[in-house]
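Right, I'll just put the structure down here and ask away after.
Chain IDs A, B, C and D follow the sequence of writing; residue 1 opens each chain.
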Amino acid sequence: MEQFVFWCIAIFIVLSAFFAMIMKNIFHCALLLAAALFGVAGIFVYLGAEFLALVQVLIYVGAITILIIFGIMLTHKMMDSKIIVMNKQVVMSAVITGVLGTLIILTIYSTAHWILPALKNSESGYLTHSITTASVTKNKKVVTDVYTLGPALINPKKGFAFAFELVSILLLSVLIGATVIARKDQEG
Amino acid sequence: MFSIAWWIPLLPILSFITIVLFTKKSKLISSGISILVMLTCFIFSIMIFIRFLSLPLSARPINFSVPWMIISSLHLNIGILIDPLSINMIVLVTFISLLVQIYSLGYMKNDPRFSVYFSYLSLFTASMLGLVLSNNYLQLFIFWELVGLCSYLLIGFWYFKPSAATACKKAFVVNRIGDFGFLMGIITLGLTFHAFDFQAVHQKIALGLNNGVGSTAAITLIALLLFCGAVGKSAQFPLHVWLPDAMEGPTPISALIHAATMVAAGVFMIARTYQVFSASTVAMTTVAYVGGFTAIFAATIALTQDDIKRILAYSTLSQLGYMVLALGVGGYTAGMFHLTSHAFFKALLFLGAGSVIHSMETNDIWKMGGLLKKMKVTGITFLIAALSISGIPPFSGFWSKDEIFDAIQSSHVQGHQILLGIAIFTAFLTSLYMFRLFFVVFLGNGHHEEDSHENHAIHESPWTMLVPMIILAFMSIFFGMINAPHLGLYSKFIYYGSHPQKAPFSIKMVLISSLVATSGIILASLFYWQKVFSAKAVANAISPIYTLLKNKYYIDEFYSFLAKYFVFGLAALCAWFDKYVVDGGMVDGSGKLICAFGRGLRKIETGKIQNYALVIFGAIAVIYLIMSF
Amino acid sequence: MIPVQDFLYLAGLIFSIGVFGVLSRRNAISVLMGIELMLNAVNINLLAFAKFWGWTTLNGPVFVVFIITIAAGEAAVALAIFISIYRKFKDINVDEIKYLNH
Amino acid sequence: MSGSLKLLKLINVILEHVYKFLGLTNPIPEVINAFITAAISFAVISVFVMFLVWMERKVSAHMQSRIGPNRVGPFGLLQTLADAIKLTTKENMEPQKRDKIPYFIAPIIAFVATFMGVVVIPLDKGVTIQNLNIGVLYIIAITSFTVIGILTAGWSSNNKFSLIGGFRSAAQIISYEIPLVLSLVPVIMITGTLDLQKIVEYQAHAGYWFVGPQIIGFLVFLTASTAESNRAPFDIPEAESELTGGFHTEYSGIKFAMFFLGEYISIIIGSSVAVSVFLGGWIAPAFMNFLPVPGFFWFVIKVLLVIYLIMAFRWTFPRLRVDQLMDFGWKILIPIAILNIFLTGLWILWFSKGV
């Protein structure tokens, strides 16, 4: 049952994403993208990261998609779906993407048998030592909780405080930069 | 107390900056600053001089040195060396400069670039003082070039005159030839001795001569290269051509730079680096012969010139030849003594000439005549200077020239008898051309018509011009006596080696030189005053020689020829090489090669980001494929 | 329990679709969408591996947080640029905007 | 155990019997359970919305010294029902050049997104349709979907008024989402949880409501949630005088009803969150502790009070201009909310030194 629902969601995501990449009407593409991203949030729930699932919904679906729709509306006329949407290298890129995707799937398939058990068995094994741990916790199920994720983000010793500050500066500069770029030039 | 020596070059530099930046508008303030600074420097120099006399011999010389830059093992310093030689020079330079600046107040009164003129004078004086106070070769060279620059600026002061513009360029270029040798010499010296300080280098030379470290050949090479600089700056024979042309500058400049101070820098440099020269017999001999040749060569040209300043310029050449000759034969004291006394009477001669030019507004001696009546002070001071340069006792020129004769007499240079003959004959020529000038200008009736000078009646110059001349006349009479036999104050002050060395004084030499000088005067009076003989007749009789002399031995023409066919030919060859091989083959060729590559590579630079992304992902796929097998 | 490779297959597929979009779409906004898909695939991978490490480390989720943040910033700047390009060229087709120094 | 909880339990027990009768076993009952719960919630909410519509008309009538609906049923209570029947039976008019699929799904998205927020509202102690430990974030995240519905509606109607309305609405909702979240942050900082149940319990435990210490947060939240649901004075997106009906100009019949329903549900959710977070949720006021009524009752009373307040806004304040609206959100509400967070942080540090 669990797996069935998972694959339903997965197929939903893949189809949405695929049609988002090939549809002619870009507005439909954006809606399909939103659907795909929402589905990914569902996958996050399956992965046990409810908090991140909600963040995904809030930011990707609630913000980025809307931003994209805004962009579409500001740069397109309504209902102009008669244009060519693919460039000249579409066949070539399809081939390359196909090869790449096949290779990825083959790699996963061929390595799954021996690397994944190793991962499973290494919960307390040697592999953990080679990893810089943000915040190791004995309780396996608390990761989605903001109590563990928050300190992991801002803990200056074991966490990612520096990256966190860097990202805040990045966001500030994005805020200012986007405003400056998108503002109409004050001619005169 | 001696540290005030730092201020001696610094003050004129400050005065230069002040005039250029702030007080250019006001003639009064600019000249006032400049003259006051010069007076201060003169007083400082005298103070240093007096204080130095009281120093014990063991405490001399005084050397201030501060590090300038350190390049690995090479320590370059900047500093001040106070020894009798430099004291002699700073007193002389500040004194002449002071007088010339006072004189210029009158002479340049109506010039629109009056302030600029004084700023240049300040800069020149600063450079000259820096030069004579240098304690190492590099600093010497830097100030040497600065002096050259000032000379360029001042010769070309009236740059709107084409002749002045040409003359300053000529002076600059000719000096560069000498300076090239000089710089080569300094570099060779640095490579040989790994030091630039005078004292360090000279000690090493002294040690090297004893231990056989520095080879004689190397020292000879260095000395000859250094001498190139002196040849350029002091206008010795092959590079003398710039000095007569330099007379296009204002006359006080000629007095200060091209008679008394700057041209003496070459002589000073030989004296300063005397340890190098005296370590090489070949170099000394070369110096002596070049000096002797220049002396007689210039004197013969001076006989036939018409331009009052040019006559004086060739006279300067001749006298510089004397000094170099004296140094070449080992007469260190004689050379410097003649330099100093010559500075006084030659400056006086130029100032007198300036005074005459100021009132006559011409340089041609044949347009002058009988000026003694109208310009008594000028005439008498000029006469004093002429007597002094001719070597009539007891004027100072007599003493210094006699010193040189004695030095040649007692030297060990090969063929010093010939040199002595040249020197004595030059002394005769000196008095001949000098009194030719004097008689024509001051006593002859001249060819000018009184009417043509109604507008500016010939008048005596203002007191600002006369006072310096009178002071210099005084010096021309009495300065030589300080080194009279049995007195010898100068010889006790400036000497080379460990103890004063003075050539033996010989009555025979005195008699000969006096006789020669007097006969020159008499001959000149017969030709140009009493008109017993006709100069023209003589000239016609020896027409080829006269023409040769009149045209200055065609040296300028020879140089033009050289420049035209040799230098320009070489330049054309180089230009061809540069144009077709360097530019065409290498520069353009490499460019064309790159362009061709670019044209080829441009095909894959579509500017479409997705093309690039396609290539990137394609490459990833290919690498992936390769890695998986 | 869903095996980890299922998540990886899904992520690989989404990633490939994103790459295809980036490579073949003319419209700049579509290209941006492709990039978002690729980032999401990465997020899934990170979380999948984090889960199958048994949540012994929080590196995965933390990276996901950063990626989402940066994706948001990237989208904002990209759309600002698209809008200003559109004002200039009246077009945001990637293959026609070759020169940005007009 | 309060009455309403018993009611829910009872529903569950009945459902279990039904499943047994049908011969169904796990896990299907969970799914069906979810559907049935949703259906019941939908029914309850719909009735509640009808009541709210009636209430709004009464309130506005009262504020304008009118009588309001009074013909259908007692006090006109059934007026809304009549309107609803009219709406659902109306002919479904659609623009010819609409974008078919988006036009169809837009109201569904808008409605469903809002309706999903109902899931985590704490009606009483332990009584929530599905309690999540990140409930507050859930509500915020889910309701942000509404914007997509609105934008889709505006775009697919192929009408420039709709498009501008959709634009304005989206801009407004996105802008006011920030102060909305920021105003909730101080409470989360104090309680240390995102769970709405726990937030209410914290208030019960502490003995005070957060409206006291967090009065700034409450006011900001109230303003922002009013703007979130496009209510006057923030109803720029559907400013009749400028844009006729805004993004739902081209919608009629049942589709219009869904937008309408969505708007009222968003009011309900906003008020519920305000009540849970700032007004103590199901906790009885201190002076009425003795009354033997379930917490559910107090919750509804408080929600109605807040809704009344929001309705009163509509007839009190003039509508803002679009630039004033944006300025108000970005230049006043957000700085105030950030300042509030900062002060609360200082306050927490002061009272728990060395955390």
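Simple rule for what comes next: a residue touches a chain if its C-beta (ideal position, glycine included) is under 8 Å from a C-beta of that chain, and two chains touch if they have at least 3 such contacts.
Quantities reported herein were computed from a predicted structural model and do not represent experimental measurements.
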Note: of the two pairs A-B and B-C, more contacts are counted for A-B
By C-alpha centres, the chain nearest the middle of everything shown is C
Note: subunit B sits from subunit A at a C-alpha centroid distance in Å of 84
Here the gap between subunit B and subunit D, centre to centre from mean Cα coordinates and rounded to Å, is 101
Rounded to the nearest Å, the gap between Cα centres of subunit B and subunit C is 80
Taking each chain's centre as the mean of its CA atoms, subunit A sits from subunit C at a distance in Å of 6
By the touch definition above, subunit C meets two or more other chains at residues 19, 23-24, 94-95
Residue numbers in subunit D touching two or more further chains are none
Residue numbers in subunit B touching two or more further chains are 608, 610, 614, 617
Contact graph of the chains (line, ring, star, complete, other): other
In the complex, subunit C touches subunit B at residues 19, 22-24, 31, 94-95, 98-99
Per the touch rule, the subunit A residues reaching subunit D in their complex are 1, 25, 27-28, 31, 34, 50-51, 54-55, 57-58, 61-63, 65-66, 69-70, 73, 78-79, 144-147
Per the touch rule, the subunit D residues reaching subunit A in their complex are 27, 97, 99, 101-102, 105, 132-134, 137-138, 140-142, 144-145, 147-148, 151-152, 155-156, 158, 163, 167, 170, 174, 177, 192, 194
So, in the complex, the side of subunit B touching subunit A is made of residues 608, 610-611, 614, 617-618, 620-621, 624-625, 628
Per the touch rule above, subunit B residues touching subunit C in the complex are 606-610, 613-614, 617
